[in-house]
Amino acid sequence: MLETVDLDVSFASRAHKGAKIRAVNGVSLKLERGDALGLVGESGSGKTTVGRTILGLNPVTGGRVLFDDEDITDQLMGRNKSFRSRAQMVFQDPHSALNPRMTILRSVAEPLVLHTDLRGPALRERVAELLEIVGLQAQFLYRFPHELSGGQKQRVCIARAIALNPDLLVLDEPTSALDVSVQAQILEFLKSIQKRLGLTYLFISHNLAVVRYVCNRTAVMYLGQIVEQGETGAIFGDPKHPYTKALLEAVPLPKSGQPRRGQPLKGDIPSPVDLPQGCFFHTRCESSMPGICDAGPVPVTALEDGRLVRCRLY
Amino acid sequence: MTEQPFFAIRDYRLNFRTFDGVYQALDGVELELERGQSLGIVGETGCGKSVTVRNILGLLPSPPAEVVSGEILFEGRDLLMLSKAEMQKIRGTEIAMIFQDPMTYLNPVFTVGTQMIDVIMAHRRSLDRGERMTRKQAREHAIEMLRRVHLPNPERQIDAYPHQLSGGMRQRVLIAMALSGSPKLLIADEPTTALDVTIQAQILDLIAELVDDLGLSVILITHDLGVVAKVCDKVAVMYAGQVVEYGTIEQLFDDPKHPYTAGLLHSIPDPEGAATHLEGIPGFLPNLLDPPAGCRFEARCPKAMDVCRRVRPPALDLDGGHKVACHVYRPEDVNA
Amino acid sequence: MASETERATPIADLGWRERHQSTIRQVRLTIHTFSRNTSAMLGLAIVAVFLVLAAIGPWIVPYPEDALGSVNLDNKLLPPSAAHWFGTDEVGNDVFTRVIIGARVSLQIGLIVTGIAMLIGVPLGMIAGLVGGWTNEAIMRLTDVFLAVPGLILAIAIVGALGPGIHNAMLALSLVWWPGYVRLVQAKTLSLKNSIYVDAARSMGASDLRIVFVHILPNCSSPIVVKASMDMGMAILGAASLGFLGLGAQPPFPEWGAMISVGRNYLPDWWWYSFFPGLFIFLTVLGFNLMGDGLRDVLDPRSGK
């Protein structure tokens, strides 16, 4: 349903005058209808930028974005109403995603006001319906964001995002700002409405466990590139790319019996203005092969189980 | 055995005087730590974990915070009873603390070296003349500390400004600053929450190394149960100002007794993929301006009984140090 | 925090009171916080008295014909007495009457000057903040130029060019005042522009115009209100200063500054002529400043509960 082909998004760097940051570097994703694709990575990976670009919040510097096989790259930042009603975003940090001066009713009604003719009592009814779907009672219509808890605010954001019955929902760290007990409820809820409303998810997160739980496919990003992409079970169970392996090893497991000391990945994430030559990961990679890994950009290889890896080992 | 533990908090009750009333933040917190061990304090927002440790070093402003009762015992001395001057001597040299966001805790207009040297010299000021250091010696000491925390190129990085360092490096600097006074106890308040996963692994490994090699005792506050399981020896689970369960990692993770602990463990998606359904814990924190008379978790507890609403559950030592505060367990359940 | 389990009520059953519960609570909290601030309440009291006097002035003054200067030389320069509370001026007019009517004049000046300044400054500030780039540079540099010149001097210069009179004085003061709003609004707009909820609106397809009016402006309103209330006092003072210099209202127009200007010649023997208008200027400006300070404490710190 959604496809990006060699997507490139660059920004002028504020800190380093004149330098350009390639936040997204040749990213090719494919989302089928009904998929939940997890986009995983750390700071600087570009995962958030991918999500924002698809929703038209950042300009595309190179490559194409296709929606249902139609090239919409040029229309993304315009007010292309038809696309905007088919893809919506749930943002990170529910605490700032809602206008503090607007009641919940007005916040959730906004997409309806922009794209439909609903007004007055009919509009109120529809908003109340949406709130019911996310599990909030009618009283919340007239409340202000600061009166709600984090979990409730996130539900409101979800209600707002599904108001226009979109096909695609881009979720940017939807539960990172929430407590574990609330996160669990929101995640369960997201899974249930995916089936119920027939949604497709692009789920952006740095939390691997959450991605594993929600998504059937995963793409791992590092410094703007996708280093591994495929079925979630395969990637988590048998990671091929050294970065994916390091990432999985770094996650502390909530159970007893773990060794206290380990071999954590060395070094820091390189600055995006000063990218390493060749494979971006080779400076920290244990299996790095001098002469091979630092020479020229690394192409993507398709493996037998259908996944894609960007690594010279394959 | 009445041997004094290295560090203990006993029956600690603390209120905040606010505009809306008296906020009963802590209600009888009980904790213990042996020398050379690491204790994790876990809980969600509002459980009081940060409040508990801030007052160890007297960092809570005293109105509005009011200690109602309790003791914070460090090597036998009650820290709550110390004068300002005595507390000043302890900070940094006996007990040191690091915080969550290294960028906000480092002064952006001074180099790392200047800040570290200031701290080192300040620690020495309280000692006798013979033990004081010159700035040059302090600088050497600082470089040594940076080396100890595995900061690459310490001789050069000591003259760097905080914004020139990455998040992980800044946290290492904070740890180095904390170690520069040779403390016996390190308190770390969410030290890795703001860091990336791979960097977090490095910092946790560093903390584990310090515990193993230096015999440093650590109190680690976090909301992440995985972090606790990896680095700590003992763990205390807090909810609404109380410690609801306390034990070793094996005790707590393999056999969680308190319904809240069990609920938490069932809410975490498993990185290894086993979970098929996440429970979550429905409901909200009780209003601590008017807390319930009985168990504070009662309203959300799947095992709540009538007595839970009326009587606050006492802490029972079930089995070799595994303590729970829950009416489900009767004194008869206590093993030797 | 929201309460725990709530019964669901169909929307139709929600009365006006329930629907606006949040706003009502917010207003009550604001009033409560404000009322605990003694100086703010004092300011509010003074401003309230000022507004009442301005409103009903013409109907309560003992000698309404003196307002615009009737000549009554028998009564000239009488000291304060039961008949003339504030004494009389050099043509026999009751100073009390003229001071009270002056309140109305001052209020008009304050409102017009502040109003025009906001009308020019706020949109410019928002455009500068939103559009950025060269537009922003141009507007901000222009603002800097205006701000670099001391306000009163600039006003004097403008009035000097246009000729004295109350209307020119108001125009001059408005031109001096608008840059302050530009700075304030531009800064706030810049920071609000990158809020997540603005991003959300944009991703839904909201037009820039909608974003400005629905999302940015309401969140700017607090600092604007605070500034405006303090500016009222300063505008009145500014007009009085111009009047004192003979550049604003011309006697016998009952403007406080103009009155002091003439009364200056009669000091110190006939002190009441300058004293009472001066006292009223002082109290009015003080009142607006205190009230503005109180408003800032209430409105500007983050509106968490």
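In this document, chain identifiers A, B and C correspond to the written order of the chains, with residue numbering beginning at 1 in each.
Simple rule for what comes next: a residue touches a chain if its C-beta (ideal position, glycine included) is under 8 Å from a C-beta of that chain, and two chains touch if they have at least 3 such contacts.
Note that the coordinates shown come from a computational prediction; the quantities given were computed from them, not determined experimentally.
Enquirer: When every step has to jump to a touching chain, what is the lowest number of steps that links subunit A to subunit B?
Expert: The fewest steps needed to get from subunit A to subunit B is 1.
Enquirer: Would you indicate which pair of chains has the most C-beta pairs in contact?
Expert: A-B
Enquirer: Distance-wise, how many Å sit between the C-alpha centres of subunit A and subunit B, to the nearest whole number?
Expert: 32
Enquirer: Can you compute the centre-to-centre distance for subunit B and subunit C, using the mean CA position of each chain? Integer Å is fine.
Expert: Centres of subunit B and subunit C (C-alpha means) sit 52 Å apart.
Enquirer: Report the inter-centroid distance (CA atoms only) between subunit A and subunit C in whole Å.
Expert: 49
Enquirer: For subunit B, which residues are shared contacts with two or more other chains?
Expert: Touching at least two other chains: 284.
Enquirer: Mind pulling the residue numbers of subunit A that touch at least two other chains?
Expert: Counting only residues that touch two or more other chains, subunit A contributes 149.
Enquirer: Counting only residues that touch at least 2 other chains, which ones in subunit C make the list?
Expert: Where subunit C meets two or more other chains at a single residue, that happens at 1-2.
Enquirer: Inside the complex, what are the residues of subunit C that reach subunit A?
Expert: For subunit C paired with subunit A, touching residues are 1-2, 6-11, 14, 18-22, 26, 195-197, 199-207, 210, 214-215, 218-219, 303-305.
Enquirer: Using the touch definition up top, name the residues of subunit A that touch subunit B in the complex.
Expert: Its residues touching subunit B are 42-43, 149, 179-185, 187-188, 206, 208-210, 212-213, 233, 236-237, 246-258, 260-262, 264-266, 268-269.
Enquirer: Under the definition above, what is the set of subunit B residues touching subunit A in their complex?
Expert: 44-45, 166-169, 196-202, 204-205, 208-209, 211-212, 223-231, 249-250, 252-254, 263-273, 275, 277-282, 284
Enquirer: Subunit C touches which residues of subunit A in the complex?
Expert: So the residues of subunit A in touch with subunit C come to 52, 55-57, 79-81, 84-85, 88-89, 91-93, 96-103, 107, 110-111, 114-115, 124-125, 128, 137-144, 146-149, 152, 157, 160.
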